[in-house]
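Think of it as A, B, C and D in the order they're written, each chain with its own count starting at 1.
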């Protein structure tokens, strides 16, 4: 009821004051990531700030941005302990999500209540998301905070683990304890444009959930989904487009991280996902051992492949959301055996990337043997 | 055999001379027009020139451009009678298509042999396409030309009918005769950025095929598919992606013309096509009589709708290939009855546009009646 | 001293918390408007909001945006009476400018302390800028507010005068009184994408200062200076790039308003300004009565000219910040007399635009007279 | 006279046939390279092809492209010996420049008659430009060709010297002989996106003119002057904008090569040029040892600087045609001594780049000494 009242008051205010304002943009550019069979790809940004800690926007702005940029789910994660605007804006940990709630409903953006647990390094910062109430997390003892989060069923991940120098950005005693207590579930292997290779290794070793976030404080001014000009995001392979389903998939580790022009994920998942990201067309023209076929890249990364086998072009650069013409000099038999490549920007572990075999159909007439032709 | 030789010679030349040249761009941006059930949408440009008449590019360039711009089929239609480069480049009507043939096979672009019959106005210019041999069309008598085209089963359309002033751009005796003899099948209602409204009327009246073309002479420098920055094209709704199928659909009149930010087509076809061009999502949030839902525009036009009914926003502007948030103030019953609009840029006849009803599902809980609430 | 302390605290905070954040963009795209002799063109946005009234950004964001977008001077003008965030963020009228001050110094953006006097219509809303202290303007009596502003030497303008329907958007008794008392100096003839033609007339009639503003509430996501994609701004022709000089020029009425692809200003000023906006090159090639010359458009508007005289192209479209090739069919004598045009997007008064004469030098050899040649 | 007739015929043809064609784009985007004192920077592309050898466009297209892309001077350099279109288009070495002449006059593009001497490697290919007649260069003996070019006062440079493998791409006997005879004046250190580091060394050693060209065969589809999306070009620092002056500057070696995001030139010239490429503003804000100032980058390269001295940011990235905010932590005395950097993309010799000292004025009030403050 309170919420509806808020809604009505909002409408009234607009009538009195806001009507001369140009409407906020109501257009959304979708992020075109394919889905896996039986799941839907939820584009998530699970770490961001508002004026309620050290961010620079009102909470509703985060929803507007997500809508515009094709993001499906966001978590508002203002710092609990770090409140630089406090003198002007008194601390209220639950207000960001409360304020943004109606805007999220209107824009059909999934809104997650979260908080950033902000301790000096070590142990560093952690996000607890899917909270019902942030206030119980404001407590002195480090482990009490995580117990409070666990009580609410929160999903917890370690933020920017490489931050503040290598001597500090280490898996430490606290991480070990939290992980043992099942109160630490994921690691931000990518935060903004930083990639933490060591942390990626720690995550893979323990099968923790891989997370990538924007950690945005300022307004988002991304306007295009080119390789570089997008936020770092987490793709969550959920059963359906609901908060419960996103939460379930996060605990199950079904994620991939999209940073700049690369995707990081567990090998099994990326191996299953890559064939969904491209469409290989049958050979449309063959002349002796020269064959031409097309590959459509269905995702917003420029895919970068390097040959690991004997045949095929040495490299394949497949621009995002476009079709590439491929010329190979192979026999039909060689082609039938498949072309072996490494997808250098599908990262499965530190310094490791996905190996794939491209299967290309060839229904063009077989070139007759030379002596047959000479008759 | 001659062709294969040409191919081999080409490869050899590249080895000797061309290897330091950067490869022509091998990436294609698809044009994202949806298909109709049981058909595939073939993006065609059926009128263009090369250095073999008054154009400024070598024939292969037209294939490279088509590939790059997401065009599926092109017709090379150099002027038969107008040969301004003749002193340097002796007339050879069949060479453009012969020269471009291998490049078309390599790029999987459907290549149509055509010619522009170039007489002073009246009667004006005509394109004959799907020719096997252009030479028989170089003859003095006007009607003989069309008889020669008919003998080869050509599809023939009247070019830029409004050209050279209104007194000349008229349906005349020759058009009447050709149409009666079934030797004139279509009209270019759009040529480049010109729209010929009168000619659109003449076409609709006689159920002739609607054609739109670029009539390009210079290199194409389009790099993006925004509303304004694309060639004028014909969408052909063919059974399959083959030359025979495109030809069949042209004779059957199953086309639409895409010029700037509008689509011109027969009412029956556009009525069937429009629902394929958008996806209307169910209401995702309702609060009293306020309801919010999304419409995804699946085609590269910014769709412009004006309300013709009682309810719904007065106008709906749906940007190309994006999702729009729609806010309506209606009861569930009103919504169930559908929202009536005119799609002002789906043109069905001169000064007429398509009327549609948007059906929006609403599975949100019904708002209880007021007196129920007051209890 | 207090300010320096704030600075030091800020630096310290960054060291503790913010160092993992990517730096806010430190690149500025200048807005390329030419200057008038003896003055410098100051690009100003004099009406905008922050979280301290109904805006959605922290005050420093307005400085970051101005820097990035090439704006030289901004006024923060939060509503005095309208404080929808008050429950979370207690009213403090002077805090926006105080908070933004250091960021403005660092970015060399001229920061103006202002406030929006927010009364129901009539009389509507007004901005008072160049205030030293906003608090004295929070008073009940309408005229007392303006007296308090006047006491501080504020420049005052009427905001979005057409807002809330024609019956209300009228010059009324209050405007008459304030103007008579010299407490109302300008009118927002453009606010966002709205143009108030009636108000433009009222301003011209009384020689009031013409103002155009963004009235921005949300974050600015402009990334390019094309005709449509920029904020509505006021160009101030000041003696130097200082706050005092901007203030002096505003009182003197030396402004022009840049909205979408048009510039509004007093006729005398625009007549003086237009020749600074283009560079007409001498004829570089002449052949009989055909002459070719270039015009460089030095400003970020696409200039639109219509011929008012006898000779020259019927229209001249000169794209922003580009060079256009002009072909004229005139004798040297006709050219020497100048080409007469109306600049349809240099608006001097409601429905009136600037008339200009283009002078083109021609040093090409004179074509001999015909009978001389026939000898 | 013949030329004028051609012009008149052209006009007549347009009246009969071409009037329905949309005019070729008549807008030019200037390339904003600053000038040196006493000279004007001429943007040149001195190597390109048309349908008259193995290019794919009519000669006039090269002028249209140059105009549109802000290029001042072009040389048409079709292969003499390599004529793959010969069967359709009989060899005529002088026709490309003859055909393009009127279009060049109309667009005020400086047109240079040239030819590519096309011998197998070694010795490879060479361009002779500023020819009056290409025909005398079609002769069997290798040295006779260059003698014929020299007789016409041609400027001659060695093309893509690294082409066809390192074993062939070597300075050889022929180069030595031609250079001794003063019949070889420059080297293409950059051709398209290839950079020939060895050849750069050979050129520097002998003080030969540095040349960079597009060697374009297909139509140019560049539409923007970003770092990567432009042709490789030669900047010629000429006394005036005439062919004679360009020729004089080429013989004098006053050039720089613009490839991707780097500029190659002789150290003396780049040292003189760099200060023209930026504008360093005085410190606008100082707080203790923190000082802020602006640098405007006036050229279309993103300038990349690395610190070689003790003070200043470790790197300075100055985006093209934009203003950057620079923050330094230095005393006023340190600043007065200048900031030492290497401009890593101003290349003076193989693996060498320009060293510069940035001088920054500081008129802000001196911070009082600490003990003064403590009083």
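One rule holds in what follows: a residue touches a chain if its C-beta (ideal position, glycine included) is under 8 Å from a C-beta of that chain, and two chains touch if they have at least 3 such contacts.
Keep in mind that this is a model prediction, so the values were computed, not measured.
S.K.: Under the document's definition of touching, what chains do subunit B and subunit D have as common neighbours?
M.R.: Where subunit B and subunit D might share a partner, there is none at all.
S.K.: Taking each chain's centre as the mean position of its Cα atoms, how many Å separate subunit B from subunit C?
M.R.: 42
S.K.: Take the average of all CA coordinates in subunit A, do the same for subunit C, and state the distance between these two points in whole angstrom.
M.R.: Distance between chain centres: 41 Å.
S.K.: Once you find the CA centre of subunit C and the CA centre of subunit D, what distance in Å lies between them?
M.R.: Whole-Å distance between the two chain centres: 38.
S.K.: Can you name every pair of chains that touch?
M.R.: The complete list of chain pairs in contact reads A-B, A-C, B-D, C-D.
S.K.: Using the touch rule from the top, collect the residues of subunit D that touch subunit C in their complex.
M.R.: Result: residues 4, 7, 26-30, 67, 105-108, 284-285, 287, 292, 294, 296, 319, 322-325, 327 of subunit D touch subunit C.
S.K.: Given the complex with subunit B, which residues does subunit D contribute to the contact?
M.R.: 13, 16-22, 24-25, 51, 54-58, 60-61, 64, 79, 82, 84-85, 88-90, 92, 95, 99, 118, 120, 160, 163-164, 191-194, 215, 217-221, 223
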